[in-house]
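By letter and in written order, the chains are A, B and C; residue numbering begins at 1 in each of them.
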Amino acid sequence: MAIIGSRGRTTAPLPPAQSDELTRPEAAAEAGLTVVNWIDERAQLSQGLRWMMFRKVPKGINWAYTLGSATMFAFLNQAVTGVFLAMYYRPSVTGGAYQSTRNIIDNVFLGQFVLSMHLYGAYLMIVLIFLHMARVFFFGAYKYPRELSWIIGVVLLILTLAMGFTGYLLPFDQRSYWATIVGVNINGTAPFLGPYISDFLRGGPEFGATTLSRFYAIHMMLIPGLMAALIGFHLYLVMKLGISAPPWLKAQEPEVAIEKVEV
Amino acid sequence: MNQAEKEQYLREYALLKNEGKPFFPYAVAKDAIMAVIVMAVIMLLSLLFGAELGPAVNPTTTTYVPRPDWYFFFLFELLRVMRNAPKLTDMATIGLPTLMMIGLFLLPLYDRSPERLITRRPVALAAGIATILCMAYLTYTGAEVGSPNQLVLPIPAGLTKAQKATFLAGEIIVGESGCEGCHEIGTYGNNGPGPLLTHIGSILRPGGIASTLKNPTAPMPSFAGLAKSSPKKFEELVQFLSMLHYKSSSWTG
Amino acid sequence: MPEDPHSKSSKYTADRGMPGAFEGETVTRRRFMSAVTHGAGGIAAASFGLPALGFAIGPVFKRTQWPWQIIGRPEDFVETVYSTKIVTMVQGIGDAGKTVAYVRKRDPAIDTEPHDQYNNYIALWNRCMHLGCPVRYVQAAERFICPCHGGIYNFRGQVAGGPPVRPLDRFYTYSPPPGERGHGYVYLGPPYAVNSELQRLSLRDPAQPLDGIGQYFYPPQFDTAKVPSLQHLPLPPTVPGT
C-alpha cells in the first residue's frame, strides 16, 4: 500500500481481479481513495474532519454569517500573493525597493495584476473585517460564551491595521515614506514609552538603512505568523462553541428530550 | 449574565442548533459563494484600477502633500479636527484610538446583559450607530481635504473675461502665499487663527482688503513686501478676494 | 493529640509515607522533575528569545555620529530670506537619508535668543513638529506651512497656529573665523530641539512637547548626537586645475 501511495494516482497498480472491470477514471478514484485511507489510517484525521464539517449550524444562518470566512479568504489571498511578490521584491533603501516594485509593475509577467490583487485584497480585508465586526456587534454574538472569540477578533483587527501600516512602506514611493514618518511619530506620542517605540520601529533615531528591512520582516513574517495562529484559535472557538444563532429566533419547545441534544 | 441565564442560553442554543442543518454543505456553500464574490471583486478592482507607484522617495521635498491610505483617513481627519488644541495632540494620536481599542477589547466584559436582540439594546444600538457615523464622517471629510497650497473654487456667475482671468490668477496667488494656513475659504484652508474668507468680499471693500493686507493685525504677516515687489500680483490678490461672496451655508465647492 | 508521623502536612516525604522516600527528603520526585522541565524549557526559550530581542531593540541605545557638513559660503545667506539647503541626515542610504534645512543669517533685531558661535546662521529643519510632515517656507507670508494637519510657524520657526507642540527643530551652524581651518565656509552640525523660548535641548521626535507638563512624558532619546569637534572640519574637494 505504501508503494501505491507514493507512486500517485494514475500509475498505481490495481489488484488484477478488478483491473479489467474498472474504467480508467474509476481506477484513478480507487487509487486516490487508497491514498486517503492510507493517510487516515495513520493520522486519523477523518474523525476530526467529520466533527468539523458535519456539526450542525443553528437555524436561520444567513448571508451576514459569511463575512468571517470571507475575511479569512481575503487573508489567504494576501498570504499567497504576498509570497509571490516577495520573490521579486528587494527591501533595499538605496533604490532597490522602488526599482523592484517598478519592475514588478512594468516587466514581470502578471506582476501588475498580482500586486493589484495584494493591494485590493488588503482593502477588501479591512472592509470585511469591519463588516464582520459590525455583524457580531449588532447580533450580540460576542456575549457568553463567545467573549474570547471577540477579544481575539479585536487583536486580529489591530494586527490587520498594522499589516496595512507596515505594508504601506514597502513600495517605497513618496506616499509610503511620508505615511511611515507620520505613523512612526504617531506611535511616538505615547507617553514615556513613545520615544523608544519610535526608535524600535525605525531601528535608530532617524529613518535609516534598516527601517525598511525591519518593516519588511514585520510585514512578512512576524504579523502574518501571529495572525495565522490567532485565526486558527478563532476558528477553533467558533467550531467548539458553535455559530451563534440569529438573536431574533426563539427556540421551540422540544419534542425530543433535551438530553439527546448535542451541544 | 448569571449562572441561570447562562444555562438558559446554552439550552436554547442547543435547541436551535438541533433544528439546524449540517455545516457541510449548507453553510459551506454560502461561504464558498462568498469567497467567489470576494475573489471576483478583488480581481475586478485589480483589472480596472491596477496598482500605481508614485514618485520615488524624496525626503527633501518641500511641496509634497502627504496623505494616508483611505482606511487611516479617520485618524488623519481626527488630527485635523484637534489641530487648534496643541496640548491635546497626544490625546488625538494615541489617547483616543487607544481608548477606543480598549473599549472594543473589553466589550464582552462590560456588556454582560443576556439580551442579544439589537432592538432591545438601545445603548449598544446608539453607540454602534454613532461610532459608524463618526468613522464615516471623518473618513469622508478626511478624503476631501485638499493641499494648503492649492485653491480651486467654483467661478462666480456673471464675470467678464478679464475678471475670470483675475479670479484664476488670484486662486494661484492665494495658494502660493500660504493664506490657507490660517484662513478658511470654502472647503479649503484651516479654520483659524485667521477669519473666514469665504465671503470676505461682502464684508470689506477692495480698499479695505488692500490696507488689511499691508497693515494686518498680528499674527498675520504684512503683504506690503508683495505690493512693492510685484504690484500686479498684489492687485490681483485684492481683486480676487473682493470677488469672494460665497454663502458658507450653501457651499458646494 | 500526638503528632501523626504519616500526617499529610509534614514536609518530609518519608513522613507522608511515599514509597521509596529518602531520609530527610522534602521535595517529591514529581515536583523536582516538573521544576526541572519548566526550568530547562525556560532557559532554552530565553537563550534564543533574549538575544533576538536585544538584537531588535539594540538600535534604541545607539548614539548617532554626526559630522560637520558644508552648506555654502557666508555670502550665500542673508537675514531676510531663507535659502533651502539639502543636507545629509543619515550616511550611506542615498536620497532617502537626505533632508532640508532652511538657512538664513542671524538677525540680531529679531533673534533674541542668546548668541554664541553656533548660531551665527539660523538653520531650521523642515520637519513639522506635529507629526513630521515636510513644512514649506512661503516667502510672501514669511511663514512655514505644513501640508498635513494645518501647522504654521512664523519667520523664527515658532508656532503661529495649528497643532505643533514646539518650534521647528534647528541645526548647529558654525562659520570659522579668519585663520581657522574651514574659514570662508558655513558648516552645519547636528540638529537640536528648542522649547518655546528657543532654548537648546536634546533632540526629540516630533509631537513631543518641551514646555509645561508635557515635557515630562517624553524622556530624551539616547541617540542625541553631541556637537562634533571643530578640529577636523571637512574641506571641500579641491577642483583639479584651480
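Before moving on, here are some points about what is shown:
Here, a contact is a pair of C-beta atoms (placed from the backbone, for glycine too) under 8 Å apart; a residue touches a chain by one contact, two chains touch by 3 or more.
Just so we're clear, the structure is a prediction, and the values are computed from it rather than from any experiment.
Taken as a contact graph, with one node per protein chain and an edge wherever two chains touch, the assembly is complete, since every chain touches every other chain.
Across the two candidate interfaces, B-C and A-B, the one carrying more C-beta contacts is A-B. Centroids built from CA atoms put chain C at 37 Å from chain A.
Taking each chain's centre as the average of its CA atoms, chain A and chain B sit 31 Å apart. Taken residue by residue, chain B touches two or more other chains at 56-59, 61, 64, 66, 89-90, 93, whereas all remaining positions touch fewer.
Of all residues in chain C, those that touch two or more other chains are 89, 96-97, 131, 133-134, 148, 207, 217.
Residue positions 95, 172, 177-178, 181-182, 186, 189, 191, 194, 207 of chain A each touch two or more of the other chains.
Put simply, chain B touches chain C in their complex at residues 56-66, 76, 79-80, 82-87, 89-90, 93, 147-149, 176-182, 190, 192-193, 219, 221, 223, 225-226. Residues 93-95, 172, 177-178, 181-182, 184-186, 188-189, 191-192, 194-196, 198-200, 202-210 of chain A touch chain C in their complex. By the touch rule above, chain B contacts chain A in their complex via residues 1, 6, 9-24, 26-28, 30-31, 33-35, 37-39, 41-43, 45-47, 49-59, 61, 64, 66-72, 75, 89-90, 93-94, 101, 104-105, 107-109, 111-118, 121, 124-125, 128, 132. Residues 84, 86, 89, 95-100, 126, 130-131, 133-138, 140-143, 145-152, 154-155, 159-165, 207, 209, 212, 214, 217 of chain C touch chain B in their complex. Residue ranges of chain C in contact with chain A, taken from their complex: 56-57, 59-60, 62, 64, 89-90, 92-94, 96-97, 131-134, 148, 203-208, 217-224.
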